[in-house]
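See below for the structure under consideration.
Just so it is clear, A, B and C label the chains in written order, and each chain counts residues from 1 on its own.
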Amino acid sequence: MPFNASRGLKVAAGAGLAFLHLPIVLIFLYAFTTEERSFAFPPPGLTAQWFAVAWARSDIWPPLILSLQVALFSTLIALILGTLISAAMAGAKFWGRESLSLLVVLPIALPGVVTGIALRAAVPMLHLDFSWITIVLGHATFCIVIVYNNAVARLRRLSGAILEASADLGANAFQTFRYVLLPNLGTALLAGGMLAFALSFDEVIVTTFTAGTGAASKTLPIWMLDELIRPRQRPVTNVVAIVVFATTFLPILAAYYLTRDTAQAAVAQK
Amino acid sequence: MSPAIFAATTIASRLTGVFWRHPKLLLGLLLAPPLLWLGMIYLGSLAALLVQSFYSFDDFSGLVVPEFTLTTYAKLASPANLSIILRTLLMALAVTLASAIIAFPVAYYAARYARGRWKAVFYLGVMLPLWSSYLVKVYAFKLILAKEGIVTWAASATHTDWLLNAALALPFVGGASLSSSYLGTFIVFCYVWLPYMILPMQAAIERVPLGLLEASSDLGANARQTFWTVTLPLALPGVIAGSIFTFSLTLGDYIIPQIIGTSASFIGMAVYQLQGTAGNVPLAAAFAVIPILIMLAYLTLARKAGAFDAL
Amino acid sequence: MPQTPAVTFSAVTRHFGPVKAVDGVDLTVAEGAFFAMLGPSGSGKTTCLRLISGFERPDHGAIHIFGQDVSAVPPHLRNVNTVFQDYALFPHLSVLDNVAYGLMVKGMGKAQRLAKAEAMLDLVKLADYGARKPAQLSGGQRQRVALARALVNEPKVLLLDEPLGALDLKLREAMQDELKALQRRLGLTFIFVTHDQGEALSMADSLAVFDKGKIAQIGTPAQIYTQPATRFVADFVGSSNLLPPALTQALGGPAQWASLRPEALRLADSGPISGVVQSHRYLGTGTRISLTLHGTDLAAFLPAGSPVPAEGSRVTLTFAPEALHLLGDAP
């Protein structure tokens, strides 16, 4: 078993990784191009004017704020429901346990179009109007599994007996939840919440089905989609892309640092 | 003399006793809200979808006819619709295979050889593109694959335009430019789903105990034999887990083919267009049922192959 | 004035599906005793411990703690504390907060409970470790924290679930002495579960041997060792020669199963046992030789200093008649 990888393997791995990141770098580059109408490479000139233009445009802020709002509410709901499910799974085995974990994964395992059209068909039946609330309904559903996965991974690492130890020492169920379960689960839940936030902020496929037609339920990704199909000022779209990237990058990084010890422990166990 | 039993003085204490005597009660309380949500909203809407697929659509009045019929499913067998289904399936297959091949060296290196700081680099290096904006990535490729974009520039700079033109001249998959050909669509799909393939693969390879590889070489196998007979079979569940994502995501995507590719339709686009302005929800539902069936079958097979432990 | 026993089991049964983990167990543990529950894994001893602490509920029968029926009492209301097998220390709390936890949830004020925790840490010889986290401690230290955490609550009964299993030999022996001294000093009732018969014999005042959910025998260590009731006990507690009825008869006893400890056999010029030495093993404290008689393998333990017969040589062994102990198994 060679201790160091062969040159070929290193090159292939590095190339794969570069392939992943190159396009994003290009986006950043194109936010500074002076050419407004095409994607010519190399860009004819560089300027930072588009950031100011984007700031001033009136059609960008409402979608941004709506996306933040939707992401916040979806994350909150996903946190509550995801925590409840993982708490239930943490205990003893029960009938239907496997089916439940399948049910939780299903919203993300089935293609987004399916979830989207299913919800779109259901909303009128629930006598609701399409609005940001229906968007939240969709987002929260597939964000549950994100929180759940993080919580379950952390629960697996905890000594099973600490909950029993707490009861043994005289704590009732609520005290055990507050003094033992929550502190140990906290960072995992936070990480799950951050990832859910990022996922919701960026989601577009299900959103197109569950949003209304008005401008009031246009999230930022939907705005971007419109711009991609009918572009106005292309570099402005790039600027927005950078904003979206930053808004999702930071929670991901935070989630990584919050659960780094869990990941390392999982690797160290081998 | 301290007592052998304490009295339950608070409501919390009494409730705990109730939960201890009836553990299913606590379980029920914990699961009620999530089950209500997932059951009613998610499963309920899926059921509604299924029901819709058995209705039919009257082209003249533009209304849905809520009577049970199989004619909508029969419409799926029309040549135009069949080609949509086939096109999507073939693309999903091709993308899955290609991503598996590209992902493997990255996953293998990250699992076996990356240590310390490099492990973090690889982890973040895969996670960040995974979670960074889907639309941003698609948009990036529109720039890259455009006729005046970086690929054309790079091809002429390295005098490999003949390669690019040959690829574009390929029958069926080629086109006027990369951004308006199946080749382009294929490339973008591979790119966007690559992290979904890398992560489960990496996890599965990491789970192959080092001791087994050492035992293999101890018994006389060289590196290549060890790879094919020990590492690969044990890492297979991870490969299958990754393929669940790439297959499922490709089956349902309607945005990438719209932005990069020919104007030909894929299942996702068909669903979107049919239920949109046309209002032909039954046919859209029927189309949507196909990925559901395929994925359920795929998931059952994958679970048998042990892929769920790798997820 | 008869004391109320600390723990009583009356015909307690616990099923797990079709398996009877605990099958009609009757048990009495006296107050202030150091009681051991011994048996192989799966014999029901741990389940019995969990029945006392409340983490399992009996399907049939009753459990009394100091005379009070605890069938309807949840774990947090029983004045019983457990030292868990993997210690189950709270990773997010300091050692001091871990020890003070039981006092905290019962509402004791901060200054008072921390003082008591400090005193308890001092008792288990970890006085300066209060500020550390469990992850920074060694296995033996964690075990002592778990002990302190349980004892600070002054429980009526302390339960220990295989407390010394994870420790290495030297540490284990040192802890055995410490536990015993602690128990005597505090006067509490200790019940501990182990699969190590040497540990049970050396620490317990009385012990119960478990076999497949039932108690095979209860008694003092000496009783159990010298007068095992069944083949299982004779074989599990210490090593013993198990003589089938025919062999027992050949050696002068009735047609019954019997047990004969290896150390009870001595070399002699004449005696009932005669055979060819098949192997011998040097153990430091003596040598163990084995030979076959009437188709049964017999082992004899010759203390250091006695002559060791060579392999293949013929030997004669004898024993005191009272060393041949009849067992209760059916022939």
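Operating definition for what follows: a residue touches a chain if its C-beta (ideal position, glycine included) is under 8 Å from a C-beta of that chain, and two chains touch if they have at least 3 such contacts.
As the structure is a computational prediction, the values presented were derived from the model and not from experiment.
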If you apply the touch rule, which chains end up adjacent to both subunit A and subunit B?
C
Best-connected chain pair, where connection means C-beta pairs in contact
A-B
Could you state the distance in Å from the CA-based centre of subunit A to that of subunit B?
15
Using mean C-alpha positions as chain centres, tell me how far subunit A is from subunit C in Å, no decimals.
53
Go ahead and note the Å separation of the Cα centroids belonging to subunit B and subunit C.
55
Where subunit C touches two or more other chains at once, by residue number
54, 74-77, 80
Which positions in subunit A are in touch with at least two other chains?
167, 170, 172, 175
Can you tell me which residues of subunit B touch two or more of the remaining chains?
6, 13, 16
For the complex, give me every residue of subunit B touching subunit C.
2-8, 13, 16-17, 20-21
Given the complex, residues on subunit C that touch subunit A span 53-55, 74-77, 80-82, 84-86, 88-92, 101-102, 104-106, 149-150, 153
Quick one: in the complex, what on subunit A touches subunit B?
1-2, 4-5, 9-10, 12-13, 16-17, 19-21, 23-24, 26-27, 30, 38-42, 77, 80-82, 84-85, 87-88, 91-92, 94, 100, 103-107, 109-115, 117-122, 125, 137, 140-141, 144, 167, 170, 172-175, 195, 198-199, 202-205, 208-209, 221, 224-225, 228-229, 237-238, 241, 244-245, 248-249, 252-253, 256, 263, 267, 270
Residues of subunit A touching subunit C in the complex:
158-159, 161-162, 164-172, 175, 179-180, 183-184
Residue numbers on subunit C that touch subunit B, as the complex places them:
54, 65-68, 70, 72-80, 154, 156
